[in-house]
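Each of the next two complexes has chain A plus one other chain: chain B in the first, chain C in the second.
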Partner chain A sequence: MSLLNISARPSRLTCWILSWVLFATGISLYFYTAQRRHKENPDDRVVPTLGQLAAGIYQASMHPDGDEEQQPDNAAQSAIQRFRNGMLWKDTVASSRRFLYGLALLFPAVLLGLHMGIFPYFGVFFLRFILFFDKIIALSVLPILFIAFGIDELSKVMLIVIGVTPTIILDTFNLSKSVPPEQLVKGFTLGASDFDVAYRVVLKQIWPRVLNSIRLNLKPLMLFLFAGEMIASTDGLAYRIALLRRHMGMNIIIPYVLWVALLLFLVDLTMRLLNKKLHPWFREA
Partner chain B sequence: MQRTRLTAHLYRSIAIIHIALLLLAPVILQRPLHAGEKPSFIVGWSVYVGWNPYYYMAKTGIMKKWADKYGIAIKVQRFDYAPSLEAFVAKNIDACAMTNMEALDMPAAAGIDTTAIIVGDYSNGNDAVLVRNGLTFKNLPGKRLLLVEKTVSQYLFERGMAMNGMESQIKRVHLVNTSDSDISAAFMTDRSQEAVVTWKPLVSQISKQPGVTNIFNSSQIPGEILDLTVVRTDVLNRKDGAGQNFAKALAGAWYETMALMSGTGPGTDKVLAAIAEGSQDSLQSYKEQLNTTHMFYTPKAGMQLVTSPEIKQKMALVKQFCFTHGLLGENTKSPDDVAVRYADGTVQGKPDRVRLRFDPMYMQLADGSKL
Partner chain C sequence: MVPGSLTEEGAVALLDSKTRDEPLMRLEDIHVSYPVAGGPPKKVLNGIDLTFERGQFVSVVGRTGCGKSTLLRLVLGAEMPTEGRVIVGGREVLRPDRDRGYVPQKYSLFPDKTVLGNITFGLEVEEFSLLTSLTPRFYRRRREFRAEALRQLRHMGLQDCDAGKYPDQLSGGMQQRVAIAQALVMKPKVLLMDEAFSALDPGTRAAMQRLIREVWKETKTTVLFVTHNIDEAVRLGTRVIVLAKECATGAEGSRVALDVAVPDADERLSKARFAEEIAGVVRRVEEATGHLRGEEEDIVP
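Now for the complex of A and B:
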């Protein structure tokens, strides 16, 4: 048996065990450190214990933000109402809204990329500029963004748009270029119009790859969203993390980070399944 | 054939070494690098008018001179403010420059017993509430206010509201948590923003804009926002006595620099210009910041503040603020759970939970030239 054998076929059980080893190591290292640090200093906040984490999760999901105006009858509300008034839910709603706006604005970008790839006049008009624009680090020209979009909601969404759309445009452009020209000719000989070819021949077959590309760009999208919320905001997941960092509220920060990871994973999974369902003919990782 | 086998072997050993390194990394990284050398300490500072002297001490060798005198090594390291606090709480550094408020809500509240050995200055106008359109505290409810939340900025704002009889309306002001690296650009470029709380040198830049007025600043609450040098108490109490020497060397280097700063004549300007370099400031701008900073140039002045009865009232205000905003931790039931011990030995809070100590000993030694 060799660990370094390309044609090895590990058994099901081995696969299952091996894939969880790093998780188990990480978790046990964490709790070992937590326990050691708490023995030394019972008030330690840097590495909270399980109990503190549980208290943090309860606090985050059931209690409203302490600085907000109090709801009149907090104690009388049902668990669901309290959860909906809790900071975790409110922050999630605020961040999700920005995330969805950002995501929605990627779709015009796909169309632009497609048109640039298909229609030569479009291509020459936009390509050079977008290649340039793609290389601009949006975060380094914040004051300009503030002048153009203020510092409220719009600027956060625009930061996402500026950060992520050029990649999507260029990717769609390349994908549409890579469709074999014979297919376009074939389309025309079968009597298709220019738009038929663009939407029903090219877009149709690059669409699953485009969705994939959007999916792979979810993380940059999230990074820009977080950056925006950390610059100036009144709510949102990254806002809360930035605030809690100020007094080492790691017992809430860690659950928040895991929650964000879970949400991202779910969005990613949904998009993957959707892609599979919509395009069963498409076989590619 | 021989060759390919050799390469296969090579690759395999590389892979094995990689895996081994990956597994061993935590062990290797944790090992102390120098054992048995002279004790070494790190002091962290961040850019602020009252802390820039650390830059000067490190650059001119004053710090090294004092460290050598006490047979220790001291490394002076510049941080951004928040990371310096985090490094101190994580025990990566031994001493740090911070305000009294952060000393309470970061190390003290996280159970790190902390001792303030030098009181360098208090903010005497460095922090300010600035507004557009001639707003006053009376108009602020319902408006947006840019600031770094849960810091001295918010403390200043709430004190301002309270002193203007608007205490009950504090929660009606919409706070926008804004990163300090972007706050001046955000306020100056977005003219729909009407109010901001920040500190110098940002205050100076923003005030220069037409139509911006300063409606409240820290000179109206003198001695409440103190700038300290703190050391972890367990470092001070090291068995080999090196921690004491570290604190003495810090105090020695600090007051030598203070004497240079407060002198008169052209030599002083040279010193101040060199200190200003620590924050890429010009001499003129640094002097302007010094005008709104009440420096304690002599150890005697610092001692007077630490031993005065007022410090207790002022710390009580700050502690109450930290408690109200959950900065002392969620499971803290009362502000007394994080207790402060003062120079005269009195304890504010529960005696078994002393987390922050004001120790005038090192300033006293400096005052008597006994360092």
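Now for the complex of A and C:
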């Protein structure tokens, strides 16, 4: 059996084992390193042990932000109440809100891309500008955004707009263009108007691919959101990570990083499943 | 009202009677050229004049690149002639519309819609806009559209259980059956078929040829059928048009090399006489295509 055999067909069990090997190796290596460092220095905070991580997770999820006033009856609150007052939940809500704003702004971008692809005058009017806009490094205009829009929510949302929407517009534009012309002509011969063809023929056909494009751009979207939060924010997951960096709070930073990854994975999974469920005709190339 | 002037209904009736007497379609001195980078434009069609009567089944045959699909696209309104004009039902064709049904070789169905959705699409968009398709009336009417679509589906030899399938779950022949149903449900003035059966295997192709001939006989819809297969053109058409370049004059662009009526099997001819007449038409069509410049043979007899 050769590992470099193109026609190899690993069994289901082999696939399952192999797919977890790197996770197991990474986790083992981490705890081995943590153990060794703690033997040398019991106060080490760079690579926290399992106990330190557990304490960090408990602190992050059950204790409010240190800056906030401690509620006197904290101990009397139920676990759910304490969790909802905890900094992990509050940070998650704050970041999710901004994330959803960003996501909502992608839908006008999809419509713009669609119109550019379908209506030639729309296309020529916007295309050159969007192509130029797409080349602007969003993070390079961050200071301008803070000056123009202040350090509130708007500047962070604008960062997402500049960073992600041109890609979505251009993706949708290209997808609209890829619909065979026979389909457009067919639509007209069946009595459809221009808008019917745009929305009931083209958009419906490209929609699963557009959703895929949005799904693949979730990470850049989060990246720009995190950049904004790290620089100018008073709450949010990235704000907390940046804050704890100053205190070497690795026992909280690591769970936060994993939590963000898990959230993103869940959003991605939900979108994939929804796409499959809503568009049973769609087969990815 | 001024004495002797027409009422609105009267004007419409007069227009109707006039257009009824007129031929259904006219192609008037059609020239088509395509721009070529760094060179003179390439002429594809050179002075085509054709008239089509209602209820004809017209096959257009010719070599690859002779402009037969261009001719069909002109009638469809998907392309504009460089010179000349196309008139259908008394109106100049400026863009595709519901008067002309279309069955292309590929991409004939909307992949995101089921068979039923594909057939009802035209009925739905014709009556309901994007906004009104959200009203309860739309859902009530949709039931009627579906019943009509199912009737068409059965007429095309498909079963009710196929109604919920998506195009990629159907064979090529079934897809084309649905495409024909989709076009016919709109009751178009002309059905335009562009190499519609070319991608099918011989058995399915023969079955589809029988089907379209039966449908044409029943509905008497005018059909313009583009093919590169002489046998198919003669078998289906009541009239065969051969497009070809003139090698004698050396002029660029194709012209009508032959325009011939095909005898109908129903005509009172003996079997032997009918076979003889058909063979004569095939021979003439082959000769017309043979008068072409020495290009590689792509006409299938």
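Structure notes:
Methods note: the second predicted complex is superposed on the first by the 284 of 285 C-alpha atoms of A that agree within 3 Å, B and C clash if a C-alpha of one lies under 4 Å from a C-alpha of the other, contacts with A are read in each partner's own complex, and residues count from 1 in each chain.
By definition in this document, a contact is a pair of C-beta atoms (placed from the backbone, for glycine too) under 8 Å apart; a residue touches a chain by one contact, two chains touch by 3 or more.
None of the values given here were measured: they were computed from a predicted structure.
After superposition onto chain A, the partners chain B and chain C occupy separate space and fit alongside each other.
Of note, the Cα-centre angle with chain A at its vertex and chain B and chain C at its ends comes out at 150 degrees, rounded to the nearest 10.
After overlaying the two complexes on the shared chain, residue contacts for A:M248 are found with chain B alone; chain C is out of touch. By the touch criterion defined above, A:K204 lies against chain C but remains apart from chain B after alignment on the C-alpha atoms of chain A. With both structures placed on the common chain, the touch criterion links A:F23 to neither chain B nor chain C. Between chain B and chain C, B contacts the larger number of chain A residues. Of the two partner chains, neither chain B nor chain C is touched by A:Y121.
In the overlay built on the shared chain, the residue A:R45 is in contact with chain B alone; chain C does not reach it. Smallest inter-chain Cα distance, chain B versus chain C, after superposition on the shared chain: 36 Å. Remark: chain A residues 4, 29, 41-46, 55-56, 59, 66-69, 142-143, 146-147, 150-151, 230-234, 239, 242-243, 245-249, 251 touch chain B in the complex.
On the side of chain A, the complex with chain C involves touching residues 180-183, 185-193, 195-196, 199-201, 204-205, 207, 279-283. Interface of chain C with chain A (complex): residues 76-78, 95-98, 100-102, 104, 106-108, 110-113, 121-122, 125-126, 129-130, 166-168, 182-183, 186, 188.
By the touch criterion stated above, chain B contacts chain A in their complex at residues 11-12, 15, 26, 82, 86, 89-90, 105-106, 109-112, 144, 146, 149-151, 171-172, 174-179, 182-183, 185-186, 189-190, 192-193, 325-331.
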